[in-house]
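Following this line, the structures themselves.
Look for chain A in each of the two complexes below; its partner is chain B in the first and chain C in the second.
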Partner chain A sequence: MDNNKILEMKALHFSYTEGDEILKGLDFVIDERSTAIIGQNGAGKTTFVKLLKGLLRPTSGSIHFEGNDIANMTVAQLAKHIGMVFQNPNDQIFKNRVIDEVMFGPLKIGMAESVAKQKADEALELVGLKDLAEKNPYDLGLSSRKLVAIASIIAMDTKVIIFDEPTIAQDYHGKELIKSVIRKLRFEGKTVITIIHDMDFVADTFERAIVFAKGNILLDGTTRDVFAKEDILKEAYLEQPNVTKLCQSLGYDEVFLTTEEFITYQKAKAK
Partner chain B sequence: MSKIVVENLKYKYPATDFLALDGISFSAKAGEFIGIIGKNGSGKSTLCQAIAGLVPNFYKGSYGGKVMVDDIEVKNVDISDLCEKVGTVFQNPFNQVTGSKLTVYEEISFGLENLGIPKEEMIQRIDEAMELLDITKYKDRNPFDLSGGQMQRMAIASIIAMQPEVIVLDEPTSQLDPQGREEVYQAVQKLSKKGITIFMVEHNMEKIASYSDRVLIIDDGKQIAYDTPQKIFSRDDLDEYGIEAPAFTKICRELGKKNPVTGCYPVTLEEANDLLKKDKGEM
Partner chain C sequence: MKSISLYEEKGSILNKLAPESKILYIILALVLPAIVGSKMVSVVFIAISIGLLLFSKVLKKTIPILGVSGFVLLTVVIIQGLFRAGNVTPLLTLGPVIFYKEGLLFAFNIVVNVLNILLSFCVLILATKPSDMIENFVRKGFSPRFGYVFISVFQIIPQMTETMATITDAQRSRGMETEGNLLVRIKAFLPLISPVVMSSLINTKERALALEVRGFNAKNKKTFLNDEKKSSADKYIQITMILLLIAGIVWRVVGCLK
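For the complex of A and B:
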């Protein structure tokens, strides 16, 4: 297991309006494991990742990136280290050509034009949009536009990459593509943090799951440990992955995370 | 009697050279819950727009065949008249919010004002819709200050308040947490039990399987199948259409467990549980 402290939160509090606290004192570390942040709408998930980006600043407490308090870094400085893909691609995209959109971030954080072009090409290849580089992003459907938004951040080559609801509007193949993108980024040593409501996707893709509820952390552990806790998940307005639910109702003690796991287990037992 | 009849519907958007819909024919009865599935770009949203009359009356383009709602041919009526019968919840709630209203309450009233509903009745309908979608507590918030999930609930409430006879929903719960999504499905199911015909576009096959009476598969604008969820998800060729069967179906298929009565694979948790439980006991 990786124990590198990539991001460390210390007594992190945040409120938009006085007296209505959104984050109520978070203490935890994000390491290199791919991490899913799950929880009810309004639990503070998006607020938390905006704090990581410096778009919001803590009411009290602190966030440290590789040991340095980000309070001392500007949003522009942070952008070189922490990238975030917005939930709604329309909030992020503004250029007239896909390639310009994807090169915008890399150029802004000081990459040379040739490097930026290369990173943009690689990122577009990764999300399967290489052939659409010259198109206008607004002529694309919502699912492709979301992939443009993802490529734009990957091209910036940051240590940390945050996805806010990457699977919205994606069909089966789109979801499989995003799974493979996340696994590849993890393999390349990136720290991937994802806010997501699709529990089957979390079970299949992430090593660690953190459950946010009403501004606190309710559960934090390996995906398998977290999805074993049916009652606490319910309390957080979540549910177990479909295969986990089925196996639980069948009375298995083991926690199965994917259909493949359960099928393999059954076939082995049948022999 | 059928509420909706679609006959050999063909449609091409302006300035394109392919058919977005190519020979769609099906019918649905009042109160039926119809799931529409297929990969992105297959024509699901276009079909939704055709049921609501936006295709062809708003988007223009070339159109053949017909869509009937009761005895009305959709193409021959104004969108503003048809909207009393057919309501649409858009895929992206940002595209649906009027931008002319300052609170959630007023936003939901917008459609009713345009229908000329008397004030007392408006108040009652708005309260009911907010209650059903559990957004009463946000009634004084600015629509654009809502989270994605809250905005989706407001978008659905706005349409429900108009009390259409047919509701078309295009991925209406993509931004909701799992329990919120389940609540919305149950709310929509209540409407269908009251006799409202539902068309639901959704990528979550477990939800489609457990709530739909019938499921329509579209691929490249063509109708591939229109049948019960059990028959649809027991097909061997789903992969060709970019469709993943529900987790329960995949497991039972791999383990060779069919429902002996229907000859189909289970599609819901309950069905799979019943079938596999017996099996577990025998081992």
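For the complex of A and C:
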């Protein structure tokens, strides 16, 4: 299953204004592993995912989804295959009931009403909002609204799901919930991509990390390999996850990504 | 964020002058020709405006402004030149088309007036930051509330344009068509406009809170974050312009008495 070419970028260039390139020739493949794209603000992360969604078109080079050039697909056609949760849920919510909001996307991409209802119910169940299905989204708090937005994209049942900063405005419970959602989607065979600044969350949740810096890819590998490279991360103005940093300062040679990992290691050593 | 203001900081002399000096210049450029009663004065002011704009490196930005009005002016020249009542003296013959002197003179007057108005306003608009201008008004006693309203227009409109673009992206990402025939566009209206209205309302509330927290309605004398925009030359420029205006009036009155 792994290492399938879900999305393939070929010499991808993009600039808003001529002479000021945002993306400077990206060549890489996104497979089924859950992938976190990290990097400083202005590194080109958001521009890149907008290109994936067809909201922007490359100035040169191409993006292939399962072998087909997305240049031949409209944004609406792409929406059936690639879903994206925007940073601010207020940018999309317009229905008076949570369930209607979540069903909007599925209906738009041509699902039958009954199927859409079923998918919407499942998605709401997944994010733990099933009981609030009849509420007005604007009566919910920001963190719940964000979950509504996440559910509304999950319900579209796309092969690829992109999360733009999913952990903003989420407390511990919310973060844990989103973690489990991402793991579940991955288990169902979906490709999850995220743009994120929360390194601890990346270390805990994602299999692969790609570091963007000034329109190029600086690092690309498993989360463990990427977070081991302190020097290069610094160059991209990124921090290691707290546990990784701590253990490195304490002189451990191994790279730890989560507290659980470190505790298990210590316990095994003590025995 | 894209600005809707035409102003651009170039560090030029016009940028450094107080907004009042530039406003006084507009008044002078518009009133003096009327007082003196000669189109030549307008032409002189047009030349001065062009010179000032050129010197401040913003003449290029007047081209789109002049382009739009230039088209209208061209039609004025053609219509008046050909058909104005009282046209008797042929001046120019292009095949069957005859331009008359009277009509062209009349059109010339209009063109000079319009150009004078446009260019003198450009001297102000292209070289003055709107918030500097409003702040100086507030310093001179203009209500800070209205001052805020005027300044916020320059902030809120670009912000709303940006929100609108994000919302369009978000809804298109959910498979909604926003381009196409009228029906498609009408259908797209509600999903696009509702989040805009909702987020504007939320923003407005937060803006009001933020302002109140910083004492917007406090009765005390207000201080200003920015230094007053003025240079040492401003006083002399303003005095010179007022003297010119008085001289024009005196010259005209004396002319009438003779």
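As a working rule, the second predicted complex is superposed on the first by the 270 of 271 C-alpha atoms of A that agree within 3 Å, B and C clash if a C-alpha of one lies under 4 Å from a C-alpha of the other, contacts with A are read in each partner's own complex, and residues count from 1 in each chain.
Convention: a residue touches a chain if its C-beta (ideal position, glycine included) is under 8 Å from a C-beta of that chain, and two chains touch if they have at least 3 such contacts.
Since this is a predicted model, take the numbers as computed values, not measurements.
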{"item": "When chain B and chain C are modelled together on chain A, clash or fit", "value": "clash"}
{"item": "Which of chain B and chain C A:Asn90 touches, first, second, both or neither", "value": "both"}
{"item": "Superposition-derived comparison: chain B or chain C, residues of chain A touched", "value": "B"}
{"item": "Partner chain(s) touched by A:His197 [first = chain B, second = chain C, both, neither]", "value": "first"}
{"item": "First, second, both or neither for A:Ser15, with chain B first and chain C second", "value": "neither"}
{"item": "Chain B versus chain C as contact partner of A:Ser152, first or second or both or neither", "value": "second"}
{"item": "Contacts of A:Thr222 with chain B and chain C, given as first, second, both or neither", "value": "neither"}
{"item": "First, second, both or neither for A:His173, with chain B first and chain C second", "value": "first"}
{"item": "Identified clashing stretch of chain C versus chain B [150-158, 168-176 or 186-194]", "value": "150-158"}
{"item": "Set of chain A residues, in rising order, touched by both chain B and chain C", "value": "88, 90"}
{"item": "Chain A-touching residues of chain B, taken from the complex the two chains share", "value": "38-41, 91-92, 94, 147-150, 171, 174-182, 203-204, 206, 242-244, 246-248, 250-251, 254-255, 269, 272-273, 276-277, 280, 283"}
{"item": "Residues of chain C defined as touching chain A within the complex", "value": "163, 166-167, 169-177, 190-191, 194-195, 198-199, 202"}
{"item": "Chain B partner contacts - residues on chain A that touch it in the complex", "value": "39-42, 46, 87-88, 90, 141-144, 165, 168-175, 197-200, 234, 237-239, 241-243, 245-246, 249-251, 259, 262-263, 266-267, 269-270"}
{"item": "Residue ranges of chain A in contact with chain C within the complex", "value": "50, 53, 55, 75-76, 79-80, 83-84, 86, 88, 90-94, 104-105, 108-110, 138, 152-153, 156"}
